[in-house]
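I've put the structures underneath this note.
One chain, chain A, links the two complexes that follow: it is found with chain B in the first and with chain C in the second.
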Partner chain A sequence: MKVIESKEMTKVYGKTYALNGITFEIEENKITGIIGRNGAGKTTMLKIIAGLFKETSGEVRVFSEKPFNNLTVSANMIFIDDGMILPASLNLKEILDEAERFYENWDSSLANRLFDYFSLSPNQYHSNLSKGMKSTFNMILGLSAKCPLTIFDEPTTGMDAGVRHDFYRVMLKDYLAYPRTILLSSHHLEEIEDLLEDILLIKDGRVHLHLPVADLKEWAIGLSGKKDLINEWVKTKKVFHEKSIGHNNLYVVVKNDFTIRELENITLSGLDVFPVSSSDLCMYLTQKTKGGIDDVYNKAKSDKYS
Partner chain B sequence: MILNTDGTKPIYVQIAEWLETEILSGSFNSDQKVYSQYQLAEIFNINPATAAKGLNILADGDVLYKKRGLGMFVSNDARERILNKRKKHTLKKLVQDLVLEAERLNVSEEEVFDMIKNVKRNWEGT
Partner chain C sequence: MSITKPSLTNIVKKQYSYKLRAYRQVYNSLIALQLLAIFFSFNGVGSMSGNWGGIHLNINYYSADIIIIFTMLWGLNSAALITTKAYRFDDFAFVTNRLSGNMANLYVMLTLSVIGGLTSILSGVLLKLLIYYSTDVQIFNDTRLMSEPNLFVTSILSASMYVFLFCVLGYMIGMLFQVNKMILVALAALFIWGLFKDVSGGSNVMVNVFTFFVSESSLFLFFIKMMFCSILLFSISLVISNRMEVRQ
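This part shows the complex of A and B:
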């Protein structure tokens, strides 16, 4: 069953396209990582799926219904981010009680155990919590609601390394016990990639890649060695990233559609072959130029001397 | 085992290799049930789909066999298959790297043979 279907989802703010035709589908009970640079459109997309924003155009379906102002979607979905506005007059315990009244699958035992584990106190108010504590409380809400669609938009903002580690662990354990569809956006792919099944890479308001994380690891490959030799091998390939190492050496990241035989020959010709980590690859794919930040300096230099 | 997440080897391959080593070391015997994808996910803190992929490599290589609804079990000839595979792939790759490095350093074949023999002698001597 498909939980989310999006066809040409577009959102325009004034004259700026925040989303420019997002098309994808998400199957039930998968954990999908939403990855993209700042301003790529991740949050806008997630808020449209959650029914908090209305799309400018395109077809969006969540549980086969239009999400905006939709009670079915609201009851079966929870959206967690660091800008959650919770009633200022209720303390933390009262917020949990209200959540229990609203969410059908609410797990109050889990909520209480997490509440104690992370040393939150029931009489505190949400607005008085520190950044990290706020995120921790929001995470408890998100997990205890046990919603068929659970959306975490940058849930770990402000959390220290220990709490982040605990959060990922408890999310996975709870998912194993109660499988559900989870969307998780983060800037730290290296921290979450092992938890994910699929990855959705957003670039400039569009879907750039949507594939299993395992495939992403083998999607590209890094080659390093003598410049001439490298250029010979990659002249017909798409180069995602390029870095000069000294005068004669080069490191390139290219799409890995080499055959096993070719890869053997590459190694035998004296080049080094490296796997490219998912987070590095996503960074290269979303960069505007092949050389990255180095280009800024190289350009300045060549302007000066020309 | 702690998973190596720096990207040098896919996680599902590491899971498959870990299970292979467990079988070789005798933790699992023939026709014994191995961990399910969910148990592996819990043990290594990974997505169960990744764990399933690791199990499937072993099933494709006939190291494990599936019983519908019951899980994955160790094949009779699992040990031989694992040893064979490691010789054909892992060892071959290591030898390739060795030969390549020897070539770069202008080390002759005889010298390489001698180095191998020396290492073995040292181990046997201790």
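This part shows the complex of A and C:
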């Protein structure tokens, strides 16, 4: 069953397109990572799916229903982000009690165990928590609700490495025990890629890539060696990233559609072949220019001397 | 994992009880305001005095009027408060849609009005008790709790209705304000216009509005008026809230 279907979803703020025709489908009980640079439209897209924003045009279906202002979607979905507003007059324990009343599948034993493990105090108020503690508490809400669709938008903001690690682990364990559809957006792809089944890469308000993580790892390849030689091999290809190493050497990242034969020849011709990690690849794919920040600096230098 | 189909009534019920707990600070302001109002009422709302055959008589009128007016303003303020972003977003921490949120707010306002109406009338009783014990005033025609219980109940009901009317008014103003901040200026302008716009008979528009609500001798007509106006105001609020995005 498809939990989320989106056809040409757009969202316009004034004249800027935050989303520019997003089309994808997400199957039931998959963990999908939503990856993209700041301002790519991840949060807007997730909020439309959560029914908090209304799409400007296009067709969005969650559990086969329009999500905006929809009670069924609201009851079966939980949206966790770092801007979560919880009632200021209730303390943490009371908030958990309220959540238990609202969510059918609420797992109070998990909630209490996590609550104790992360040493939150029941009498504290959400607004007084530190950034990391807030995120931790929100995460407990998100996991314990056991909603068929669980959306985490940047859930690890402010968490230290230890808590992040614990969070990923408990999320995976709980997912294995109670499979459900999880959307997880994060800047730390290297930390979450082992959890994810699929990756949805958003760039400039569009879906750039949507494929299993395993495929993404082999999707691109890095070549390094003499400049002329490399240019020869990649002249018909789209170069995602390039970086000069010393005077004559070059490192490039291109799509891996070489045949085994070609790869052998590349190695024989004296070039080194490297796998490209998914997080590096995602960074290269979403970069505006090939050379990255180096270009900015080099351009300033060349302007000065010209 | 299977999908649950929630029923609107069920969600509204849950939201209602959640809101009564989450909005607990409004009770504190109610208590503070009513104490203040009791203090202001201590000198009576009206008085007359005279000499009759060597007897000096000083008559003071004590009533819960000031307390009820304060409670009405409290209702207006509390209802406007729950339309602000912080409170609206509280809904979206849990299961909700706009209709269920508004319905729950309506029930919350009804509950607050009954609490406000009941406590303001009882504060009136407290006021008289305080006067009885603290001064040597002789009280006549005191609270009708014992002698005329149905009148006592009626006064609670009508006080509650006044508070409720102000609640839905505050709710609508709050909603309008969320859409456009200039609305307060427009409302103030309307109010001032109403004060100075003379109508036939030597009064002005505001006085007529006031009379419309206050000087109704028929209890039945009064209820009808109140219900009609409250429903009208709340419907406007519903329409306005449908123009808003759910949560930022």
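What to note about this one:
Going forward, the second predicted complex is superposed on the first by the 304 of 306 C-alpha atoms of A that agree within 3 Å, B and C clash if a C-alpha of one lies under 4 Å from a C-alpha of the other, contacts with A are read in each partner's own complex, and residues count from 1 in each chain.
What we mean here is this: a contact is a pair of C-beta atoms (placed from the backbone, for glycine too) under 8 Å apart; a residue touches a chain by one contact, two chains touch by 3 or more.
As the structure is a computational prediction, the values presented were derived from the model and not from experiment.
In the superposition on chain A, A:214 makes contact with chain B only, while chain C stays out of contact range.
In the superposed pair of complexes, A:39 makes contact with neither chain B nor chain C.
Of the two partner chains, neither chain B nor chain C is touched by A:122. Residue contacts after overlaying the shared chain place A:176 against chain B, while chain C stays out of touching range. After overlaying the two complexes on the shared chain, residue contacts for A:86 are found with chain C alone; chain B is out of touch. Set side by side, chain B and chain C differ in how many residues of chain A they touch, and the one touching more is C.
Of the two partner chains placed by the overlay, only chain B lies in contact with A:267; chain C stays clear of it. In the superposition on chain A, A:148 contacts chain C only, with no contact to chain B.
Comparing the two interfaces of chain A, the one with chain B and the one with chain C have no residue in common. On the side of chain B, the complex with chain A involves touching residues 3, 5-12, 38, 41-42, 44-50, 53, 96, 100, 104.
Residue ranges on chain C touching chain A, taken from their complex, read 1-6, 8, 11, 14, 17-18, 21-25, 86, 89-90, 92-100, 245-248.
For chain A in complex with chain C, the touching residues are 29, 47, 51-54, 63, 68-72, 74-76, 84-90, 94-95, 98-99, 101-105, 146, 148, 178-180.
Of all the residues in chain A, the ones that touch chain B in their complex are 30-31, 168-169, 172-173, 176, 190, 193-197, 212-214, 217-218, 264, 267-268, 270, 275-278, 280.
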